[in-house]
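Next come two complexes, and both contain chain A; in the first it sits with chain B, in the second with chain C.
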Partner chain A sequence: MTFPISYLFFFLTLLSGTTLSVSSTSWFGAWLGLELNLLSFIPLITTKLCPYLTEAAIKYFLIQALASTILIMSASIFLYAQSISHVMILLSLLLKLGAAPFHFWFPQVTEGLSWPQAFILLTIQKLAPMFLISYLTFSDTLMSIIMFSALLSSLVGALGGLNMMKLRKLMAFSSINHMAWMLVGIYLGDIYWLIYFTFYSFVSGSVIMLLYSTHSFTVSNLLNQSSKSLLLNMFIPMNILSLGGLPPFLGFAPKWIMIQFLSANSMFIPLLVLLTSSLITLYFYLRLFIPLSLLSFSFFISNVKLTSLFSSSYTLLSMSFINIFGILFPIPFMI
Partner chain B sequence: MVNFSSAMIFVPMVMIFCGAWGFIAYSKHMLNSLLSLEFMMLGVFWLMSSQLALVASEVYFSLFFLTLAACEGALGLTMLILVVRSHGNDMFSSFNLLEC
Partner chain C sequence: MLKFMIPLVVLIKYSKEWKIVQVGMFFVSFILSLHCYHNFYLFSVGFNLGMDYISYIMIMLSFWVVSLILISSQKVKKLDNFNSMFIMVNIMLLVFLVLTFSSMDYLMFYISFEASLIPTLILILGWGYQPERIQAGIYMLFYTLAFSLPLLVSLLVYYSVSGSLIINLSSSLSGMGYVSKLWYISTVLAFMVKLPMFMFHLWLPKAHVEAPIAGSMILAGVLLKLGGYGLIRVLIMFQENNKEFCWLWVSVSIMGGVYISLVCMRQVDMKSLIAYSSVVHMSLVLCGIVIFSWWGLAGCMILMVGHGLCSSGLFCLANMVYERTGSRSLMVNKGLLTFMPSMGLWWFLLSVSNMASPPSLNLMGEIMLILTMLSWSKLTIFGISLLSFFSASYTLYMYSLSQHGVFYNSLYSCCSGKVNEYLSLFLHWLPLNIMILNSTLVMI
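And now, the complex of A and B:
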């Protein structure tokens, strides 16, 4: 897919909206940045006149506009009813984020987008509401709402993805599950969710790049092109396992950090819920590539084409390399 | 002398609540949702300008708000045109391609 030059402009305003809302000192400025973000994301996702893109754009627009209106309304009643105002700002930010009680729009919108747009929705669009939620951690009510939303979104992300055969919906539910870890990271402190967000962006970016380069949108797409390249057959399981958070890969590192700090703060029940739901997500990640690697692994097929081993792009190769050997990366942080 | 300050809070809140109710409950056409959103924005404009006039006479902030609200309304109408061109109507019952 090639993008016209005007998308660069809209992408820059998207990033500047995020920056504006993160660095603003008032809720009005935060609302301004979120509106700028929304107004520039809609032209980015309506690239052509296709019913799927249109529907995703409409659902995204209506939800985000409602959340923005609730945010600016509750920021306006701040002088009158302070605690209600904070709670309603937090709820509208959770609606913008797609966290658990308000998650119903998120898989549908992700399903309608193409892979690069889905990557923007899964990572960059989460940045501003996450930062604004991390500013709202000064009272017990807000903290307990954040924790409730985190636990519920871990369960929803795990159980919702179980029956999914479409890869974009599956990535959306996996993103909801990872968002639970980030919300618990907000509960612990700012730096933890930032670390988790950085790692998650990288790992999900590498998975999305792999799926985009193979043009796969369902599990059967992934199976059909399996006998083409040996390298892809190795990379798809490894990247997906990294997203699932298995120990030799990069995706384990933020989970390791979170597990360590959660048990240091003796928050064992949230840790138990998060780990159990991550196990369920690991089940549906495994179901993605078990048929790929057992039934049609090209190493066992006689007509394997070794020439296509080097046909992948170098960016894909380097990202997968960091994904596989990336567990060595957080060692300076852990010491 | 009647004190209007609590009325200046509650009347816009009722307005916003009615807009949200219309947004949630009466969703047959998309135009209805967009009108409800604009109605909510109008209520927020009232609420916000009364609050800002109360604080430090910085009513001009509400002009920023009005600009962004108008941009959002224009984008909503653009989405309406887009959905009529791609789906043929603006009923919410026809937006069922992406459901789980």
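And now, the complex of A and C:
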């Protein structure tokens, strides 16, 4: 069990907060849901009394509280100054999301979490702000802010991850980069970012499960596994490449969909930025790929005996399998 | 097509048994080769896959080269160097290649085209020799990927314009000025990098030098031909644009060919010499494709097959020397005739095939291509004559420097060649020189 069973309650309130904010008809309700979501994520972070977790929880709380304050404030001046209010709401949601100009907290908080919480932060916590942003696509100013933020986060995510040796930070930057695609998807229409989000959650979930099962937090952790199995050495690199969106893997499918609709709408400049930055992200995924595929494991074998979850877990294997060969399945059945 | 794909997938299951896989590969190649006399335009159609004549030749070539790879990489088996994974990677690569060549859909073609890059990367990184293989691998991946993402975009744009991505239904686009030129460039550059055309060839020598023998053989034998094959397929869409750009590709590749063949004469590394020589040959192939003539297309197919067999055989030879002396340098590997006298015959036979001697396929292909280029413009004769002169001279350089002279003093004894190695070379050489008797097989 990744969480103590008593934390199931918080998990349920977290989900209900997301649901509440997505389905509410007023900004007040949305704010309420976001607050509920935030306040139930904090106990999920601090499962143990550990300075890293506490630090991450405090940082997360401060940022999210700030964003919520701005949100509720600008929602309340809605009738008074309409255009400013919408822009302010959008900016606060981008802050909650960790999209590009407001991304600085995101890698730091992710660095403090353990893998299951990081997964929640990378996927479920994005759902509510994303939905709310997708409600804000009615004026040109808002659209151009969304596009600007998307392009900036694609570049930031690509360049920020270049020098990372810590896997959680790397996942955070890759998440920022993927968020750029989702924001562009919001620009195009709701269905596109939902599809992208589904695929991204699946792919990153499978990568995170692999990393969690091998207890690796840095690149060198990944290399110094004592339980080197051939399967592991094939699956981890392939999963990572899938996250990078290289063609034969599942991660390529959402990119393909996005590229198709971007080019159909002849938005070639954003497409150029997104593709360039995804090439750069591929470079830092390759840095994880290469040491594992060099087939020289003999050095640096540590004596730490790990309880390898890998050989036993069928869910892990099947998730990785779908992640690698997923594009061969009929795509409509996967969505 | 499934009757060729399923045996491959089954062979992955037996990846621990080298012998079974090897026999199985030759068996599948044999079954495939039985299809060479067919009268239909498209055959083995199903599941969006199908072969026409060009695809058939390329698929046959890739099956054959991968079978020969298994013979020539016995060292992997002997050293127990992850041999089951080696076989798995090779067969996966073959599966992707077969998918690429047989797909009837541009997008499927693109995906499997890209997919073939990953097993190649794993081959280079996993079984290469020097630490520089990391650099070479990344270089190759990013060079090809950076140029093929525009290809994906342009294919999807083509989909939204024409409504279909089926290769056989594709039609010529009418000119749209500026945009269509950009479109054309972004489409063809992906394949020009893969081919590689002069100026985009920088990844090739690096990748070849660092790759293990299997990687070099598959690179020279099949992967470069992906570029030519792809060009043949996509240029249907861009007939009008290609007419305007034809002069550029022809002149760049002819002058580049001359230049690269001069570069070849300065190489001391056998593998990089052979790698550069494939750039020279591929430049001829490129000319044949972009000129859009029947003879050009036929000649380019013949030269691709000929070069695939010949350069893969030369890489084999270089690797045999490398396994014995531990060096690829021409300075160390001198006087091999005293060392491996009977291997000298194979060096000779494959070298002369490389310089387009009768009765090799290279000769026939080059004759057809030279005629094509001459009929296109008389001016090309200067470039062509220099190119064929120098390509003969660098092959002569390689042959004489490696075979003649006094052998390196610190070499004491070695085996002059095993049956297995002779078999591998023979199976390279035989189709290369026999097929000219019925050259309609490799023509289209």
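Please note the rule applied: the second predicted complex is superposed on the first by the 308 of 335 C-alpha atoms of A that agree within 3 Å, B and C clash if a C-alpha of one lies under 4 Å from a C-alpha of the other, contacts with A are read in each partner's own complex, and residues count from 1 in each chain.
The criterion applied here is as follows: contacts are C-beta pairs under 8 Å (C-beta built on N, C-alpha and C of every residue); 3 or more make two chains touch, one makes a residue touch a chain.
No experiment lies behind these values; they were computed from the predicted model shown.
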In this superposition, the partner of chain A with more touched residues, chain B or chain C, is B
Per the contact definition in the header, classify A:Gln108: touching chain B only (first), chain C only (second), both, or neither. first
Should A:Leu8 be classified as contacting the first partner (chain B), the second (chain C), both, or neither? neither
In the superposed arrangement, which partner chain does A:Leu294 touch: chain B (first), chain C (second), both, or neither? second
Have a look at where A:Thr54 lands relative to chain B and chain C in the superposition and call it first, second, both or neither. first
Figure out whether A:Pro248 sits in contact with chain B (first) or chain C (second), or with both, or with neither. second
Which holds for A:Ile259: it touches chain B only (first), chain C only (second), both, or neither? second
Residue numbers on chain A that touch chain C, as the complex places them: 230, 234, 241, 246-248, 252, 256, 259-260, 263-264, 268, 271, 275, 279, 282-283, 286, 290, 293-295, 327
Which residues, counting only chain A, touch chain B once they are in their complex? 28, 31-32, 35, 38-39, 42, 46, 49-52, 54-59, 61-62, 65-66, 68-70, 72-73, 76-77, 79-80, 107-109, 111-112, 169
Contacts from chain C onto chain A in the complex sit at residues 81-82, 85, 96, 110-112, 114-115, 118, 121-122, 125-127, 134, 137-138, 141-142, 145-146, 149, 152-153, 156-157, 159-160
Considering the complex alone, what residue numbers of chain B touch chain A? 9, 13, 16, 20, 23, 30, 33, 37, 40-41, 43-44, 47-48, 51, 54-55, 61, 64-65, 68, 71-72, 75-76, 79, 82-83, 85-87, 95, 97-100
